[in-house]
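Take a look at the structures below.
There are two complexes below, and they share subunit A, which is joined by subunit B in the first and by subunit C in the second.
After this line comes the complex of A and B, so read on.
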């Protein structure tokens, strides 16, 4: 706003060295030799590091990725060397001088290709890889992980089905494209400390990974994360941090900065996962879904990173928010020779929703039923079970029928026809429902500390990274509300520092407000008890009789009797000397309570504390002459549990919708036959731009979640989830053709139309 | 003599440069191949202009050069010799800045200074901009967090305020 907000890349200091990556031009090739002598001889070059310098496999949950390629490269743009130099341009020039001799290997270009028997193996030593968390690799194949859902009785489901349909869909890999490219700085101090600055959503994961792979004690690793210029899941992965660390180690611990160029950021660093999927639905004569069989093949790319957890999410929520008692799903994370994938806004849900919601529309058409009516009829609710066989109640599942009803009202669903033709133009609307669970690890947690100052103001310490979702502001509002004080008296730094702030698992999964919020609730309670105890002794009243608010602790019976917090925040100083109480420091922490890992054979378990449900709509106007179209309207009604800040909440939802419309309509990596990405820059990789935005309509339902602070549910990701499905449903209605492959460019629609004919 | 008039410019040699930045005269030495973006950020500490693509595609590095928006990644510093530059650090209470805050037209903030500078340039050049002109100007910047709805609101409000108030020059 004024240019003073500082991001990781904005900080420099005298003597700072710069690193640049040398990357692979091939998507699958054996490295026969690597020659760094030319790069080393460039004046100003301090060091060149290759995979042999650190032959260790990293990754979570599955250790399959060397920070720098070892023996072979598995995707186009894979880092093979790091050059450290006095200036960025010198490092970049020298990186081009790193010479690698390659022998190319057969490519795997799609997850279905990867699944075929006899497909070239991308990880020959899959059996030897160490793993953590829930991941089920199948050595000897390209399956990095497989989760199964087996619920009910399929035979019975199919026999009850009068109508059956099958849909195959695909969604390509694309990019997070946060406006701030990834950036990390590392410095190793003489006393053994490692100081890392990184544009990250996971400063505490960086710390634990540096600890795991470089054996530095946790307290000696200090990770700083200032403002982050957009993450969308892409900055939850740990990649440049390892390289910056190695770079610094190679130059005696001097501070080294590694910044991605946009091109590197788009393909060398992890990307948005792709999906190919097959959905078979069976339905009774009266429109009740009786059976579903779903297979997801996620395009995890060359390394698995968070792919297996996303494919797990693809299984755990595969049914969409519908009651399906007989359900079978296999969800696979496949290795391919594409860039590797990491978490992306929606965490597997925009993908799984695209699959199930295309099938829902096809089935509604088969039944000649109104698509919203069909969804309403099958909406999941209390008393139903999820694919993971979790029994739902109002608190855990919210109110989807209410979302659908509100959406219908908001968009005047019943007053307009689904399709309306005028000359060459066809207006059409598409709808979908969505749900999402967080799929967090069972032990995800957070801490918070509230420190009182002499003037009654407080400092809040917590590990939530500010990536644009307004979390840190929301958390100060929460503190103010709990302590009944003016929000301006609550201060929080923009910088997360792992040395001073209590741990938060990660700033992902729309979980920060939940995890840190619960920690803050405990910390505020702790602070209030301390304030009341001190006040009780000063006022000679039982502390149970005291209340806090307006900068005072006072008697509930007679609010005139009380004491200013300024007088007790650091302890009450008695006139005759001596002190009652001491500085008020509220502390609190929280950990997920009853998440249960999913049984890999049946999917039975509990993937997270609650589901957020919602209903969405997209309206398009298609020009039937050339299949160009405008997106006129987009609408979302979501059960937010509780809306804390209406402006932030709407902005999060519409921002998500905008990104979802981009994914649906144009975003995709273009690969050539060599699996090289042809469009790793914003000139050729298209996103929504100013002026293309439709009219947005957003509304909320508020069904509290009992376990969350203020009853809130996650909403940070959810706007995106149904947009691809809703757009595809709208354009399928407008064209009369099943459009099941994203992105829906006019060319893709034209090709589909002509293939169909 | 303007450095561009030097007979042969060596990309790695350094040249003297004089700029008027945010109303101050600045003298410095830069490499011929250095972009204005890096000079502003690395030499003058004006980190409000952001590298987003360094290819002219995203607009995060937009500054005002002689009254008009310029993507500072697309210009060599030596080309800017002797010219007048305003960065986000030089804007104080300009209508676009104020409306961006009021309308919550930002989330992560990384694209914001570029949008504000471009919008500020629009207000000066086209105080009566019609919707098509606004779109043409602003589609050169990318915001990945918001839906552009809020940015649209901020720009429209700034145009209105600007017309009432008379001048868009909030620069120092």
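After this line comes the complex of A and C, so read on.
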């Protein structure tokens, strides 16, 4: 830690103006009038913008959200105006002077409420909204999207089931809680260029969205993303960028900065999606799952953003990593009057896993089976099909049974009882398995450029954003490995600049090492071909007989014959004048292959190239007197395909587990009856803190994924996925009561125990 | 960011501070005394407090005292909670102070600020309530000393322009057998659902509470129950719960009935810890 990192908000420049948001105090209300005169009259105010100034709907895949509220507000904290001023405090002071007259409307506070016939409509004109990608809204209702899975024969499945159980779970909306709040600046140059700086996971999406809504040619939009202080999916959404752009446009293109306060970042900007879910499971006498019927109602909040794609993930991986031949799932993204949600680490998987894995534990108990044994027995593998009816092989599915076996060893599963009481303390362990596919668009891709310098070193250009996950470092390691050179000779900047770096779809979905890694593989190959071609002409040898490594190109037959790369990196200068070859610039790109959109009626399709599977465990010690508890251990064994950087890989898995335990145990927005968020601050929004961390254990299985560079699988998000389920399973075991609602605060456990009695 | 301008004064004596406050008040600037400043910053950011001026007390020497003078432990209002804990002069107060906020905040939050703030838990007052401490109060009329129970009832009740200069605690209280229990929603940092502070003086238990109601308190009626011979701890806890000075609190940290459950639990634990000592 050097303290030298600089975020988007840390830079300033002369003449920079500042923007601040005026936001709605109501969660659902008609806007009768908006009066900005008092705000405009504050000295130092340059402009005030309201929804009427830009009455355009934005959003991907469904265009349902005006950047500033139009006609009505749909969530507490929704931006209704932007004030631009000479100083940040003036903008904030003036924003408080924006007067809006509201007429409150009936509220929808949960996805199940939203689904009830006759529920107040949040989007009356849903039928008119444009959409892209896969999204299936149901106009006249609050359903923003519905995906269906219809696989096998349910009647047969239920008739084979000797045991059936039903579980209902819920998981509230919460915050991404990145260390750095979101921040964007925009400047419109006289030559027509738009320059955006943003704390973002999606600089290239910002570019395409600015292009779509403001009709500026792509090549004229330059997006800079410096080091980002954590994203967790929350910075993949485009929100402040539109507002900063509008603010700059309103003041003649001057540079304007818009930075979220913590409170705004938690509520006005998009949040973690919530879920209510019902799972019915049927099982044969010998413990094989014969049927499952699952309904997910995601709490997407006021606008859909990536909610429909997360609810799609909720359908496509609904079974968890288990073979279920007869399967039915409806997964809905519901509009509610809660803050709107966007992608969150795990992308629908921590949520769907909580549902299916609580059901798995309840079923194991019904069968009186060891919960890991039950999972092992039903683990999905090569030859099985997924809910989307994708036929799996070893490369696509990895090795879950191996993960379970390794987890059992690591945590000495067989040597300890599931529950152990000592005085008023009870120790208990909970397990779960998880899997994840990326649910990326079919055309997601990336490019990479490797530029050789005179001294044989290289610069790597690529669009992966550094958000603390270490991807850019891992990518330089790949380059060094492929070019067989010292990693210290490979350099990469921390910033991404869309003008110089080739496009990467987004830095999300644990896809960067896969997409950029594949592009790097092609770029390295391209560079090697160039080096060999030059060397072949210099050495008078066929290039097929040449090898590269150790800073040289040399003959495979006689490694003593060769030439230093320093002599050919910019072309080989002949002693008598003239040059052979020229600067070596390797270029490569990659796009997803063979992803198939899901059929909206059956779910048949292919959501992504591979699954990552894993098994996890949480151990708790519960104080039965007041239901407080300590988390003692958390463990993960994951099939990483190939571990690229062991330190980063462990760090990512551990960080994911920590985040998942916070999510499971305490993170939640508290709403009052008016759907106002009561805890948009860290003093009342609780997170796992230092000193409360359990001992973490991480191990890997390596089953190569044929499509990926070095055989790797995505692991960036995955530590989080099973933690809610494993913690709930551990605490349910400790208390003997079914704990199906998050977060699992001591009060929640006490109340559930109380209500059960 | 604080969305308004305000004036800042840093007097170096009690008299200068009181005079400055009075003058600013007369100018209609709605001044506030400033100690650690954490709460004013918090409220001002949200536009919930809008002082036109603040009078910083930290340069007043008497506000920074932490020492024994003969039989009295004197702690200045501007001594930080971290320093109170670090000094270990009054271990029970140190533990109560350490339960407030997090370490970084406690390096700023002061004893005076915790007692006089708007955030209603004010847990550092609990040891002072059970120790019958005295408060030294400064104002335009000079300095006066009062029993804590006269001035602090749920919250500090000062005359306009007055501020808390020091607390004074009898030495005999700092080493009494004591209990401090803080129950939170979850985790090691956060506001209390219930905080209990109790000492045993002679054969009697004294106790003060925060979190259970919307203000900290010590109750003669509850202490009477706690010291009733022949009643089980369970029964004493049950009766104490019936004698709360106000309905139990419900907020985002927890609801009234869970608070009541913890309150009874905490009382039982305190009785077991102190009885027989």
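Everything that follows uses one rule, which is that the second predicted complex is superposed on the first by the 757 of 757 C-alpha atoms of A that agree within 3 Å, B and C clash if a C-alpha of one lies under 4 Å from a C-alpha of the other, contacts with A are read in each partner's own complex, and residues count from 1 in each chain.
Throughout what follows, contacts are C-beta pairs under 8 Å (C-beta built on N, C-alpha and C of every residue); 3 or more make two chains touch, one makes a residue touch a chain.
Model, not experiment: these values are computed from the prediction.
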Query = According to the contact criterion defined above, which of subunit B and subunit C contacts more residues of subunit A?
reply = B
Request  = May I ask you to decide whether A:679 touches subunit B, subunit C, both, or neither, giving the answer as first, second, both or neither?
outcome  = second
Request  = Kindly classify A:747 by the partners it touches after superposition: subunit B alone (first), subunit C alone (second), both, or neither?
outcome  = second
Key: Contacts of A:696 with subunit B and subunit C, given as first, second, both or neither   = first
Message = Is A:10 touching anything from subunit B or subunit C once the two structures are fitted on A? First, second, both or neither.
response = first
Request  = Using the touch definition from the top, say if A:688 reaches subunit B (first), subunit C (second), both or neither.
outcome  = both
Request  = Could you tell me if A:228 is touching subunit B, subunit C, both of them or neither one (first, second, both, neither)?
outcome  = first
Ask   = Touch check for A:666: first (subunit B), second (subunit C), both, or neither?
value = second
Request  = Would you sort A:467 into first (subunit B), second (subunit C), both or neither based on which partner it touches?
outcome  = first
Query = Which partner does A:422 reach: the first (subunit B), the second (subunit C), both, or neither?
reply = neither
Key: Residues of subunit A contacting subunit B in one complex and subunit C in the other   = 89, 261, 683, 688-689, 691-692
Ask   = How about subunit A: which of its residues touch subunit B in the complex?
value = 1-7, 9-10, 12, 89, 177-181, 227-230, 232, 259, 261-262, 467-470, 647-648, 651-652, 654-655, 657-659, 681-683, 687-693, 696
Ask   = In the complex formed with subunit C, which residues of subunit A make contact?
value = 88-89, 92-93, 95-96, 261, 263, 625-626, 628, 665-666, 670, 678-679, 683-684, 686, 688-689, 691-692, 745-747, 750-751
Query = Mind pulling up the subunit C residues that touch subunit A in the complex?
reply = 1-5, 45-47, 101-102, 183, 185-191, 193, 251-255, 258, 261-262, 265
Ask   = In their complex, what parts of subunit B are in touch with subunit A?
value = 31, 33, 41-42, 46-58, 60, 87-89, 91, 97, 100-101, 104, 106-113, 116, 134-135, 138-139, 141-152
